[in-house]
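Below are structures written as structure tokens.
Here subunit A shows up in two complexes: once beside subunit B, once beside subunit C.
For the complex of A and B:
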């Protein structure tokens, strides 16, 4: 027979879920065979833009899975795509690709190894990405595409 | 002969007087508080931290008691659950006066099993840690559950 019983609470507060959305494609536009074309992360209408939302000021990890090639839809031809060590920027103040600066987050970052970042105080952080395609002199004409995958997670801090 | 009879009767009654135990109380004195939790990021509260659950037991010094937890599997909010786990070493008991949560006298106990220990001069303190595992899409909000501790004298 019990001589004493006590009920104690266990509590937790779950914060806002993190989300990631591809808001704009990395668009190289028209290119000529044999003529590489670069696209900086600072092009408002052509740079890739990913939008991350979550708990304001929370630490996050960002990881990009980048393609090595763009391909024709039928897979009959491929074209190399390259990402340099300065092709990414992280914007915690949600300005624009063309106006983002060091004071807005992190600029000129390596998209293959992004720094630990934070969700902006407004609950949003954006990732801008540029790159370079290198068509061969006999590159088959057509519309090429590839997938860029962004994974985000909370660091827990 | 007549004068000695009442004395014999009184001595016989005394043999059946029970010993009197002091009253016992058990109270939840601290919540197991995980605080802010990020979806997808498990969080652990260790039993030695200020966020651990604390139960305070008072009663007869040196009396042996058993402790039995009734532990939740989930913390809940309206429309959502979040798993909570307790390991086989998540409980600590201490009978020293003053209590020493940093180095308890009966440490690393399994809260899923009956714990037997003796009360000290200041009773017992029982601490409990745990871990919650929020999902990646865990619903935001305040979650809670109840931890029940039942304390029973063994008579030893």
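For the complex of A and C:
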């Protein structure tokens, strides 16, 4: 052994971490009064994309808290937003919203009750989300907002 | 990979910060517009050292507002063996809940891009707690500061803006007194349907701490050849039914099949040895029906 080089016991612990990223907002684009507008989870430039990075293959629990309506900042008007039972997909192979299939994870899932999932073998899992807004015929113009919360936790610790 | 090994406590902390910096480099390339890294994923404290630490790092390119609050939620399974975590923020009656007597400092912080923040978690338990482990969830909620500012639209347009909020639920464990990690195998079955063998394993925690271990399953043919293998970290707090699907069966594999499984707390590499309460091992094999 060279001078000045210290060897310690070989027992080692991988430092665990988890990273949650809001990679892309759900974007419905321009909306017209009286015309509902849907956005699938499979739109590369418009679906919501959440990215979770952590221990490869570890079991995770994903839970979405979704709004029932969007509202103007001053609260003077609101617009229903609906998330159907097939509006979510979980991708453990990090392809894209438009190319994700059953072999990449879970597709056409209920965002209100997501399946038990895992971090992909590459250390990353993505959640894609679509939805639908239902403006009334006389929907007041303006910028409507709401919160989408994704909770992530490991199930093996 | 990032490693800490048998270092003095002050050095472990320094290395922890360096380790997180290293992890950032190792992360896959992402559109890190609004991203917060949380480490570790379990915070352990004891009656002798009731303060734990957690590091938050902003990996994105925007200021992030991070709020810390607490919840209660254990991994539980349903009759199909699927594991979920159900969170409960109030009216928690579980005698092992630490929800009412832990605090975070700071609770709200704005972290600049590339910066990190240490959060201390302090436990002030009531007197006379029975020996064992007490639990809560540290909820780290983050969103870009810019998201909180209402967006202006043209006066004649209807537009939407959905705020994407990320919440990471970190396990908190407080330990006191004599600690026992003991897991009982209550039952196991393995059934073949088409080319998939479904294994159901029923477990019961008989200790006074959560059993943290590794579950490994091997599907073998009648020659002992390995057909498929599964490995997962598990944490059993009370009872748990765990489902494992093994596949890869071909016409060349010879019936009957057997599933061997082993559960051990000694093979966890994601928890420091000083934080592990080593429990019993379980080895079992079951014929595939």
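By our rule, the second predicted complex is superposed on the first by the 141 of 157 C-alpha atoms of A that agree within 3 Å, B and C clash if a C-alpha of one lies under 4 Å from a C-alpha of the other, contacts with A are read in each partner's own complex, and residues count from 1 in each chain.
By definition in this document, a residue touches a chain if its C-beta (ideal position, glycine included) is under 8 Å from a C-beta of that chain, and two chains touch if they have at least 3 such contacts.
All values derive from a computational prediction rather than experimental measurement.
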First, second, both or neither for A:76, with subunit B first and subunit C second: neither
Which partner, subunit B or subunit C, touches more subunit A residues: C
Which of subunit B and subunit C A:135 touches, first, second, both or neither: second
Subunit B versus subunit C as contact partner of A:16, first or second or both or neither: both
Contacts of A:94 with subunit B and subunit C, given as first, second, both or neither: second
Subunit B versus subunit C as contact partner of A:145, first or second or both or neither: second
Common interface positions of subunit A, toward subunit B and toward subunit C: 8-18, 55, 58, 153-156
Subunit C-touching residues of subunit A, taken from the complex the two chains share: 8-33, 48-51, 53-55, 57-59, 61, 63, 67, 70, 73, 79, 81, 94, 115-116, 122-124, 133, 135, 139-157
List of subunit C residues in touch with subunit A within their complex: 1-6, 16, 19-20, 23, 27-28, 30-42, 59-60, 73, 75, 82-85, 87, 137, 139, 141-144, 150-171, 212, 231-235, 269-273
Parts of subunit A lying in touch with subunit B, wherever the complex brings them together: 1-18, 55, 58, 153-156
Footprint of subunit A on subunit B - complex, ascending: 24-28, 30-41, 43, 53-55, 57, 59, 65, 72, 75, 77, 80, 82, 84, 130, 132, 134, 136-153
